[in-house]
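For reference, the structures are reproduced in the following blocks.
Two complexes come next, and they have one chain in common, chain A, joined by chain B in the first and chain C in the second.
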Partner chain A sequence: MHRSLLAHRLAPLIVGLLSVSLFLLIWEIAGSTETVRSELVSYPTQILSAFKRLILSGELAQNTLISLREFGEGFAAAIVIGIACGVAFALSRTIRYLFEPIFVALYTAPIIVFVPVLVVWFGIGTTSKSIAVFLSAFIPIAINTTTGIEEISESWVRALRAFGASRTQIIFKAMLPGAIPSIMAGIRLAIGRGIVVLIAGEMYVSMSGIGRLISIYSVAPDGVPEIFVLVAVVATFGYVCVLLFSLIESGLTPWRSHS
Partner chain B sequence: MIFEGAYKRNERLLLGALGLLIFAVFWESVVRLGYLNPITASSPSRIAQAFASQWHNGAILKNSRIFLFELTVGFTLAFIVGVTLGIAMGVNRLVEYAADPFVWLIYASPTIAFYPLLMIWIGFGSATVITVTFLLTFVSIVVNTMAGVHAAEPQMIRVLKVFGGKPIDIILKVIIPASLPLMLAGVRIGLSRAFLGVILGEMFSSNAGFGYDIAYYAGQLQTATVFVSIIILIVIGTIINLLFTAVEARLFAWKAR
Partner chain C sequence: MAQLEVKDLSLSYPGSRSGSTFLALDKVNVSIEKGEFVTIVGPSGCGKSTLLMLVAALLRPTSGAVQLNQKDVTKPGPDRALVFQDFALLPWRTVIKNVELGLELKKVPSAQRRKEALKYLDMVELGKFCNHYPHQLSGGMRQRVGIARALSVDPEVLLMDEPFGALDAQIRQVMGLELLRIWERERKTIIFVTHDIDEAVYLGDRVLVMSASPGRVIQEVKISLPRPRDLSLRNKAEFTAYRETIWNLLEKQVQANGAWRQDSALS
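Here is the complex of A and B:
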């Protein structure tokens, strides 16, 4: 019984590791022996040395900081305005119906289609990217805030009202805390959308940032290993963001058990 | 009284239309009053003019055809591969453990960043657009199909086995119907990702389509023409969403709501 439990836990890990290492090994051999043209597919050790080169030249740190700033500005605004919109929609049906078509339109089209226009309006610098991140992130946050508030139990609000709570108190003591899990789900969705639009926007036109680096190395004659490094950096960033917000969520909702 | 009743029934629609109208009038007047540059800011009336000229020169129809072609091919391939792999991963542990890291890697990694690589490998044009659409779409279908298969009742499978059902019977009669709701949820996510994939592809690695036109006309500072493409994309997206909802309602008509 104990052994089978152990096997059950370890099997996915072992088989997964095996299949990944096999893949890496075949890639390394195929690339380094030029079975497949390495300038097209590169190979793991070459990617590692490209990683080292990018770090030592300071290129990676400098551009990552700029992307981080763009993302941070847009995303912080998206959280604040998204939650505010969500609360307004939950409180007033008239406001919600008035804005609904515009929200649906912005949610249906990938925000990347607005980036060229944003660049015309705000220039090729960091502002247009921050606004693009904001636009793509604030809608899922607003929608999830509204749903979250609608799903909290009516009795909480009624209990607060019975004890003479003001509207502000009801919003901050019952509605927002109750909606946190739903808001966090919206934020997680928004992270993915924000990163895609940020990188795509920087690739479209910009002066610096990870996306800019990607487009520089994509036209360089031997930039393939660098592109792999940059893809990994962006993926790691997304992963760290999601992790960070789940930590914040457990901190904000100590009454829920997190297993 | 009659009007009041009609208003109550259509409140959502009427208020939505009013919201759009206010937005359009505000935009138009801000530009007309000279607060914004009419060329870069564009305006509803300018967009209407641009729409007429784009319609007459055939760009709208041509771009819609390209868009729907790339979306359909990419999505269909993703659907076939996604459902097959999802069922294989759901039924067989070994396949699941071996493929899992790769599926999550593609799911989590910013596929957009692979564009340059795909352009180097496949070249410029529709093939790259379709490939990225496929990559973006199939993972969400795989992940959800697998979860759906896991949701199938083991007891039902055992019953079929006892009565001599072959593996194919089990897949067709128990596993697919059981995994349908989650599978469709995956398809819905996949559809919106396919939408993104086609537009990204057209913007970065193609010389035709709405995505290309958006980037091109923005470069020419013809903002009104850019908005024409954006609005048509929104309309197409909305139609696809409505169709999907209708299909879903059809498929689950037997389910209590």
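Here is the complex of A and C:
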């Protein structure tokens, strides 16, 4: 038992940690000994002290909170409206044919191009960024909800219909629960898209947020370590989001974990 | 008066060629008494499952009517509960939650729902498995959940669409016995569709023999075998005689329709 646990769960972790540590070590040596130009690539201890500076000045916390809020608002709306649109598409061909071209266009166009217009409409504050996040995130959620519902087993719907279930009951007790795996895949896709448009939007036109910090430090002298810190913060946020939704998914789909 | 009346029931689909129609059921008349166990046999494609779906009102007839207690059946409802060949359990619900489904749709309060569900789960001997998920159960156990779910809404008629068709031979026999035991206790009217002649004779008070294209009831065979029945019945002369009778009816019309080859290739 113990041996197999070690082999299956710990071994990959240990090897992974080793490779990351080795990478950091080489980077540190290469940077601190000026083998490569440290003002361009920085190195781990320098980045660590930049991290400390950003925390102590309060910049990091303040801007992270703003970005989190923008993302949270936009993404929550994307989940709710995305699922609602997805259901409407699955239920009505007319609605689907009416809106599908717009959706496909929005899905393929980079939402970042709308940010200047959104800023004109909603101001330079957080609202314009929330809406950009919403626009880029809700379409994959809607599309995956529709496909998820179309692919559910016909027998689940039949079982409910046989008991005389109403349309609403069929949606909430058969279609949506059955489509959860697909909806969750859509949400994972949407997280990546949402983060890209959020950071890019902030870098582009905004007063605050992680993206804004990145654009400030990208023109500051010796700003490279700070940029690395901020990139790490964004990457960690994305990772935590995906992890969180994976946990929610396995909580919602206990029948899929065949352990 | 009969509890369930099927009157001149026909159903036709648009055919493969434009303008043509395929007659799935042709003026089927059946009348079923309260508490009766009626089995329906017929070759594949004779419309026996279609007949059941029409009684459930999951399909609309082209003409004719289904009446339950002298009232026209127009939409699906818990007074006619279905048991499906593919079980049709919801994989994200535990066993007990699956059994509660019908009650939940009827908006029965949750405490009462639980109590009723447990009662029927105990009846099918799955009380201990109430918190399992369907994928953790065997096929036979899943169908017991399906039966408990159908019974939980206290239907007037239980409609069973080849319920043991997906199970292997031994489990089928055990399930048949269990169903008889439950039926003798609950005395629900049962319409049971099967393609297994033995099963039809063994379970039913009456066997409706159907023909294919167009789907018709060609004969009703009353089964006057004593109840309660058990597996030893299958070796008795009367049982074999009934089986012969039905087999002859089926063989004749299957050959007449030229569907013989197709049917044997399918099974």
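Note that the second predicted complex is superposed on the first by the 234 of 259 C-alpha atoms of A that agree within 3 Å, B and C clash if a C-alpha of one lies under 4 Å from a C-alpha of the other, contacts with A are read in each partner's own complex, and residues count from 1 in each chain.
Note that a residue touches a chain if its C-beta (ideal position, glycine included) is under 8 Å from a C-beta of that chain, and two chains touch if they have at least 3 such contacts.
Keep in mind it's a predicted model, so treat the numbers as computed, not measured.
A.B. asks: Let's test your reading of the overlay: on chain A, do chain B and chain C clash or fit side by side?
C.D. replies: Chain B and chain C fit side by side in the superposed model.
A.B. asks: For A:158 in the superposed arrangement: first (chain B), second (chain C), both or neither?
C.D. replies: Touch status of A:158: second partner only.
A.B. asks: Regarding the shared-chain residue A:169, is it in contact with chain B (first), chain C (second), both, or neither?
C.D. replies: second
A.B. asks: Look at A:177 in the shared chain and tell me whether it touches chain B only, chain C only, both, or neither; answer first, second, both or neither.
C.D. replies: Once the two structures are laid over each other on A, A:177 reaches chain C alone.
A.B. asks: Of the two partners chain B and chain C, which one touches more residues belonging to chain A?
C.D. replies: On the superposition, B touches more of the residues of chain A.
A.B. asks: By the touch definition at the top of the document, which applies to A:10: first (chain B), second (chain C), both, or neither?
C.D. replies: Neither partner.
A.B. asks: Once chain A of both complexes is superposed, is A:253 in touch with chain B (first), chain C (second), both, or neither?
C.D. replies: Only chain C; A:253 stays clear of chain B.
A.B. asks: Taking the superposed arrangement, what is the smallest distance in Å from a C-alpha atom of chain B to one of chain C?
C.D. replies: Once the two complexes are overlaid, chain B and chain C approach no closer than 13 Å between C-alpha atoms.
A.B. asks: Please write out, lowest number first, the residues of chain A touched by both chain B and chain C across the two complexes.
C.D. replies: Common to the two interfaces on chain A: nothing.
A.B. asks: If we count contacts the way the header does, which residues on chain A are in touch with chain C in the complex?
C.D. replies: 155-156, 158-165, 169, 173-174, 177-178, 180, 252-255, 258
A.B. asks: Per the contact definition, I'd like the list of chain C residues that touch chain A in the complex.
C.D. replies: 56, 58, 75-78, 80-82, 84, 86-92, 101-102, 104-106, 133-135, 153
A.B. asks: Sort out for me which residues of chain B touch chain A in the complex.
C.D. replies: Residues in contact with chain A: 11-12, 15-20, 22-23, 40-41, 93-94, 96-102, 105, 108-110, 112-117, 119-121, 195-196, 199-200, 203-204, 210-211, 214-215, 217-219, 221, 223, 226-227, 229-230, 233-234, 237-238, 241.
A.B. asks: Please give the residue numbers of chain A that touch chain B in the complex, ascending.
C.D. replies: Residue positions touching the partner: 11-12, 14-16, 18-20, 23, 40-41, 93-94, 97-102, 104-105, 108-110, 112-114, 116-117, 119-121, 195-196, 199-200, 203-204, 211, 214-215, 217-219, 223-224, 227-228, 230-232, 234-235, 238-239.
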